[in-house]
Amino acid sequence: MLGLTITQWLFGILSFMAIMFALMVVFTRNPVNSVLYLVLTFFCIAGHYLLLNAQFLAVVHIVVYAGAIMVLFLFIIMLMNLNADTEPRKHIATRAIAGVVGGVLLFVMVGALKGAEQLQMVQGGASQIGLVKNLGKVLFSEFLFPFEIASILLLAALVGAIMIGKRDTNINSKETINN
Amino acid sequence: MLNGIPINYYIMLSAVLFIIGVIGVMARRNAIIIFMCIELMLNAVNLLLVAFSTLHNDASGQVFVFFIMAVAAAEVAVGLAILSMVYRNFKTIDIDLLSRLKN
Amino acid sequence: MIKLVALIPLFPLLGFLINGFFGKKISKTLSGTIATLAVLASFVVSLLIFFELEHSEIKSHIVTVFSWINSDTLKIPFEFVVDPLSSWFLLIITGIGTLIHLYSTGYMHDDEGFARFFTYLNLFIFFMLLLVLGNNYLIMFVGWEGVGLCSYLLIGFWFKNTAYNNAAKKAFIMNRVGDLGFLMGIILIFVTYGSISYNEVFSIASNGNEATVTAIALLLFIGAMGKSAQLPLYTWLPDAMAGPTPVSALIHAATMVTAGIYMIVRSNVFYSMSECASEVVAIVGVATALFAATIGLFQNDIKKVLAYSTVSQLGLMFLGLGVGAYSSSVFHVTTHAFFKALLFLGAGSVIHAMGGEQDMRKMGGLSKHMKITFLTMAVATLAISGVPGFSGFFSKDEILAHTYEHSPTLWFFGQVASMLTAFYMFRLFFLTFFGKFRGTHEQEHHLHESPGSMTFPLIVLGVLSLVGGVLGLPEFWGATNWMHHHLDSLIIHKNPSTLPHDTEWILMGIATCAALVTIYVAYVIYRQRNILPLPEGAKMPALQKTIYNKYYVDEIYDAIIRKPLDVMSDAYKYIDTKVIDSIVDGVGSTVVGISSLVRKVQTGHIGLYIFGMVIGIITILFYTFIK
Amino acid sequence: MLVGLLIIVPLIAALLVFFTKGNASRNLALGLSVVEFIISVAVLCQFKHNPDSNNLLLNCSWVESLGIHFAVSIDALSMLMVLLTTFLVPLIILSSFNTSYEKPNSFYGLILLMQMALVGVFTANDGFLFYVFWELALIPIYFICLLWGGENRGRITFKFFVYTLFGSLFMLVGLIYLYNHTGFDTGIKSWAVTDLYQAGKSMNLSQQSFVFWCIFLAFGIKMPIFPLHTWQPDTYVNAPTQGTMLLSGIMLKMGTFGLIKWLLPMAPLALEKWGGIAIGLSVFGIFYASCIAIVQKDYKRLIAYSSIAHVGLIAAGILSCNQQGIQGGVMQMLGHGVNVVGLFLIADILMRHTGTREMEKLGGIRNMNGNFAVLFLVVMLGSVALPLTNGFVGEFLLINGIYQYGPWIAGFAGLTVILGAVYMLRSYQAIMLGERKDSAIAFGSLAKSDKWVLYIICFVIIAFGVYPKPLNDLAEEGTKAILTYIK
Amino acid sequence: MKGLFIISALGILAMLAEIFKFKKLLYPIVLIGILGAYATNFMEWGGENNISIPMFNNMIHFNDMSLAFSGIILVTAFFWFILANDYFEQDHVTDHFALVLFALVGALMLTSFRNMTTLFLGIEILSIPMYVLAASRKRDLASNEAGFKYLIMGSFASGFLLFGIALIYGATGSFDLMAIRSYVGHANGDLPAFFYAGILMILVAMCFKVSAAPFHFWAPDVYEGSPTVITALMSTIVKTAAFAAFIQLFIVVFGKASESWSMILAVIIALSLVISNITAATQQSVKRMLAYSSISHAAFMLMAILANSRSFDSFNAIIYYSLAYSIGSIASFTVVYNVSKAKGNTNIEAFNGLGKRNPFMAACMVIAMLSLAGIPITAGFFAKYFVFSIMIGTSFKWLIILAILTSAVGVYYYFKVIIAMYFKQDESQEEVKMETSHVLLLAITTLFTIALGLVPKYVIEIFG
């Protein structure tokens, strides 16, 4: 159809949806809705991953983002029971400016991101890298050190989150304001 | 050409998503939404990385995405913790109301 | 003996030190004696040196004391020169100095600043001797400023009186104006000739081109104007009468004020090279002579009259210098030193007798009470009026003769000036000594002749002003003009006197008649008709009023120099604080101002911060990729 | 090695004094500064005896890789400056004996520290070291003024500090720029002064001009030259007397000394091009400051302005860049250093005895204390440069030098001869002569220490006025040395 | 490299301390551990480490430069722990220890990364604990806000960092710095445009981390809001680490492509100099003033990077500068901390009369301020001097003039403190107490500052 391959069709549709949903994330008032839209965006992006033969990554993506992170968001939003009418809104002018600035940024980006055409796809063994086996190999050989260090990162995040999240009982930190 | 799609398209797509995220950060007052928009930006980057890794037929790009995810998760954890704490103390997460420190 | 010339200034210096450090401890008589002996000693030495010089062939001896200032090519040794000119001035200074010291021991006797007075006086003698002894212009300048200092100290001797202090300050500052010119002259000499020692400079004086030499001559003359009270820098001298009378006699009549003449005679080489400079000197001289003489006509303060007569006499001397009659001027310096010192001392003795009264309107008929003073004063008055036979006659006549030769016009004015002199001097004489006493009773009782220490100098000086003429008898009488020959070796003669003898006779005759006539007029007015000067604040015709107020010169100077200076100073002060400093402070306050503005940008809203960042990024990308 | 002592001794002295208490500290400070003076005299003898002995130079590496050395040495100029410093500091300390400062130990400690820095500035032979000492000298004086100064000292001393620091930062840039041009032949960069001279010579006009103005700015502010002077009067008036003496007597000479050693030989071309402007500013400054001095009411402020006038003359003479000018500048630095200290001491004495420096209020002191009047008179005559006082030699040579640059400028500069007399005599008359205006003001006899300081100063004024040869020869020699570098 | 592991181990140990109840021992253990790390760090100095041997597939490696930076970081950390001793006396002791130590791990990684992955992880490991620590005064609204702002803006910035990394990866097909470097080196000039875009994005992100204008907005607010000791941590260790990364990226890796970013960097420096100094001039809170001053110091260090011309000068200059600056600000923050403990706030008025109320403290503060203002013979002066001396050779001389003008302004606000301490009077005359450890700390840091100024060569001549 129209001389486009099926992948090209898929790419087009997915991209369109992704952008649409992303915009909805920004422009819906109700936080809950924007969370949901963001989830949808993520699904589209996952679709893109599949198009790019990054199957495993697609799965992980769904699991981590849609599964974990967004749920966390949703949870917090519920906790603070935010909804459309509690949602504060920036002044219309501010939002307009934001839009304009974003447009300009896009413009310069388009200008900046030239020159990728001559990059040629590296052939041979294509579409195999996305498989768990290959990724695992790379991750645990070449990227072993980052992998280990990432644990420290997570640990730190863990400790931090607990420390912040937990209501402390003693009030003595009140009078030592600002020290 | 990644199975028929020029790499530029991917770059543009992720650029657009990234910028939508930026716009979100600029246009919203709700800290959580802002945070979500930042996640959106990260995902745009992820997409770009995956596209490039496929282009170069090199797995390290996708591996990097894992790290980004990990970091994102960590950030979200800490971030939401801080947000909830702020909400506890300020009874709001409206960034325009959080401006005691200035000048 | 000449090698010991350094002794001459040394004695007064010692006297100065002794009186300066121990003056309070020792008795008045002792300190007075020490001071007088110090000067007497140097007088003796000067005499010896003078005669030794007379008999030696070499007419100029240089005695180096120590090397003073060296700067590469500029070498200024501290050395003295002994030659006819300096040795002659040495005699005048030390001789008259001795007499006046002696006089002062009596005059100042009951003043609590007695020792201080002699300290200053010795210091003055010291500097004056430096002035004439120095072998280069800088040492002359040292003495020059030194005597200025001493006159400052002595004019303001009674320092409790603000008017006196002002007079002293005025004298110092006006002299400084002249000194600046002098200093510039010295520097120009150095720049032109690479040295400032007389012998070296004069030997190569002809190297300098006309313009430069004229410049040098005029600059030096500015110095002379200041020191010798010529127009326009003369106004300090009348005020300087605030000092004790011996000071007026010594400094402001006999010695210091003639330094200008000494300097020009010293550097006559330059003046003889530069026609125009000499013109200027002559004109300024005659102008001063006339101007001061007219003012002298209406003064009532006895010392003021003498002061103005001094100014006009000095003018006459400069006239002589201007027309190239250097030796005549020195001659007149000498005679003037005699009779003017005498006049002042006499006036001093009168004032002493009158208990400090200086206004002639309160005097009269003193001749009976103080004979010696009366007689000596008479001699002096005759001398200054140029009555034949007296010293003044010869010197003045010589100058006028040369002037006539040079230009009859100048001669005419000079003649007029000397007539006026004769007039006001006799006015003074009659008002003081004749008629009936116009003072108060207690003054009348108090009237007495002064003590011997004061009258002795009067007598000596009287004799001198009587016979002083022999030093320079006119050539055309067949006599030899000793002064002329004495200074011959030092003086460049442009044009030897070519005046036919009969002209000279005629001129002398005119001068004599003029003098006698004026004296008669004065006699008629003040003796026969007993016309008294008007009292203070009386109505008088405009011209007389103007002259009486000294042509308002002081007021004019005030208006055109002092006021503007003060105004400008205030303006600068204002600028300094309000403009320049405020600019400096302004920078600071602007920074602070901007700062408090810029702080506002930091509103504390994350949204704005993000905007800032994004705009930054946009700019960067735009600059790099689009532009 | 001796020169090393010159720098070390005050430092140690400062530390020692810092750990003492009360009067002990001031006596100790006096003693040690006298010791320092003796050392400097020893150095002088050594210098006279053998100018290029190793005792007179010290050169050890500091930061080798950047060619920075701790190089100090004694030549004729620095000898004179060091003598001035080591001679004045004891007097300054002695002059403080009748004022009781709180925390005397830190006060005298800072003074000695200052002395160390000053000696360093005058002896430094390495551009970087020079700069370091230059800045180092600023800190003690800042604290002296801040801690013991007059009422609104905070703002004023701060202005002084920022102003001078601002200037010296530009000097730093200028010096670095020179340093960057060193080793154009050898390839080895060095901060040694001679190498900097070479570098300066190797530059073209525009580069030299950059260096010239950068460095001149610093010196011009320090001295201070006409438009950059406004920090000075306030600071002088507000600083404690000893601080003022240090500032005017010695620190001011840093600027003029800097001109001679650190500017003239660096940028000869630029000097030819821009010297006129600089001289013009200095000379106008003479007239300007003298005029302002005439209308001052506060005697201390009057001296401050007179100091601007004097330094203007010095700067003009030095910038005219000929034997007489520079030599006169050096002589005048010495003379002015001594005289101005005397004048400020007199101002302080007036303040202490009568409680005011307002000249309308004073008057008639001469009848109360003739002795003081005479001393005052001598110091005043010194500063109006009367012949046979130490001020004269310098002033004569200076005007002479300026004259060789431009007769009319010299004439204008010569106005100082007149105006100086005007404001000095006016103030002397107002303070000492006439009848006393305010009957409340009594003036007893002087304290011993004051008397001695004044005696010494007067002696120096007369002695070196009559027989300036010893100093003058050194000055001549030093000037010749500099001029050979310039030519 | 062992240092890195020791510190991580300490972090984990700190968490175990909660469980196995040896909180009391923890503090000494940590101090000793840091010393140990420093020792190993020192032992690894020199020798074969100069030539970079790949480690973990060239993810990190320690050559002398990274060792030097880690050395500075460890020393500063040691001092910081002494400063912060009573910060650890409230609840969550172990958590705080753990977080600080983890942040330290991140910092060390930034000195030694050789791969974009480790760069990214390093930055995040450094940042995330800092977010938490900034907010660690849970009831203090200021602290909350500080943490919150830091978090939002930090993650926003890392978004750009990642985008940049992605673009560079796209152009070069590798995350390995050396690969990228050789890529830049070989492809002389004809690099695809979006590669430069990548460089610039990273530049932006790094400028954010070192808080250079116009990406500095977060710094003052966060510095002011955070607990004082944490502010000290941010302005010393975090900054040093960020600069280690900066110099690594922009001199070693992108140095060849400098024409694409040097002008931009110059403008950024100029902006930072002007904005920071001008704004600092009228600050009331000394803490906030120090925040602005840290921005201007960052600008100075950036100058050294901009100059990246001659052999090792830039490295030397930055190492010396960061050392001098860290020591100086540790000293000043110690004083600020104690004053604010006594007075309850960090306003300039709190310093009034300190010269009388605690002369020692005041004197040390003076030295610190002189050093920050760059007055001889303190370390700060040499730091500035070295920067000038390498800048004067470049084509950016106008920056030096600007730097001078602004640092004159800088003197203004540093001396406001001094004037307050010695000139202003305070109603209360009682002495400001300070515990012994802090006295020692102040003494050491002050001596260190002077010593660095007197004999800078031992630091300045580390490299060639």
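Order of writing sets the chain letters: A, B, C, D and E. Residues in each chain are counted from 1.
Simple rule for what comes next: a residue touches a chain if its C-beta (ideal position, glycine included) is under 8 Å from a C-beta of that chain, and two chains touch if they have at least 3 such contacts.
Here the structure is a predicted model, which means the values were calculated and not measured.
Student: Treat each pair of touching chains as one step and give the shortest count from chain B to chain C.
Tutor: The least step count works out to 1.
Student: Contact counts by the stated rule: is the higher one at A-C or B-E?
Tutor: If we tally the C-beta pairs in contact for A-C and B-E, the bigger total goes to B-E.
Student: Averaging over Cα atoms per chain, report the distance between chain C and chain E in Å.
Tutor: 79
Student: In angstrom, rounded to a whole number, how far apart do the mean CA points of chain D and chain E lie?
Tutor: Distance between chain centres: 43 Å.
Student: Rounded to a whole Å, what is the gap between the Cα centroids of chain A and chain E?
Tutor: 31
Student: What's the distance between the Cα centroids of chain B and chain D, rounded to whole Å?
Tutor: From the centre of chain B to the centre of chain D is 66 Å.
Student: Using the touch rule from the top of the page, what residues of chain C touch 2 or more other chains?
Tutor: Residues 588, 599, 602, 604, 606-607, 610-611, 614-615, 617, 621, 624-625 of chain C each touch two or more of the other chains.
Student: Residue numbers in chain D touching 2 or more other chains?
Tutor: Chain D, residues with two or more chain partners: 162.
Student: Which positions in chain B touch two or more other chains at once?
Tutor: Within chain B, residues 7, 11, 18, 21-22, 25-26, 29, 34-35, 51, 53, 55-56, 58, 60, 63, 67, 71, 74-75, 78, 81-83, 85, 95-96, 98-102 contact more than one other chain.
Student: When you check every pair of chains, which ones turn out to touch?
Tutor: So, checking each combination of chains, I get A-B, A-C, A-E, B-C, B-E, C-D, C-E, D-E as the touching pairs.
Student: Residue numbers of chain A touching chain B in their complex, please.
Tutor: Listed in rising order, the residues are 5, 7-8, 11, 15, 18-19, 22-23, 25-26, 31, 34-35, 38, 41-42, 45, 48-49, 51-54, 57, 60-61, 64-65, 68-69, 72-73, 76-77, 79-80, 82, 87-90, 94-95, 98-99, 101-102, 105-106, 109-110, 113, 116-117, 119, 121-127, 129-130, 134-135, 137-139, 142-143, 146, 150, 153-154, 156-158, 160-162, 164-165.
Student: Considering only the defined contacts, which chain D positions touch chain C in the complex?
Tutor: The touching residues are 159, 162-163, 227, 230-231, 288, 291-292, 294-296, 323-324, 327-328, 364, 366-367, 381, 386-388, 392-393, 396-397, 399-400, 403-404, 407, 410-411, 414-415, 417-418, 421-422, 425-426, 429, 432-435, 467-469, 472-473, 476, 479-480.
Student: Going by the contact rule set out above, which residues of chain C touch chain A in the complex?
Tutor: So the residues of chain C in touch with chain A come to 607, 611, 614-615, 617-618, 621-622, 624-626.
Student: Under the definition above, what is the set of chain E residues touching chain C in their complex?
Tutor: Checking each residue of chain E against chain C gives 149, 152-153, 156-157, 160, 193, 196-197, 200-201, 203-204, 208, 214-215, 217-218, 220-221, 260, 263-264, 275, 278-283, 409, 412.
Student: Quick check: in the complex, which residue numbers of chain C touch chain D?
Tutor: 66-74, 138, 141-142, 145-146, 149, 152, 156, 159-162, 165-166, 169, 172-173, 176-177, 179-180, 183-184, 187-188, 190-191, 565-566, 568-570, 572-573, 576, 580-581, 584-585, 588
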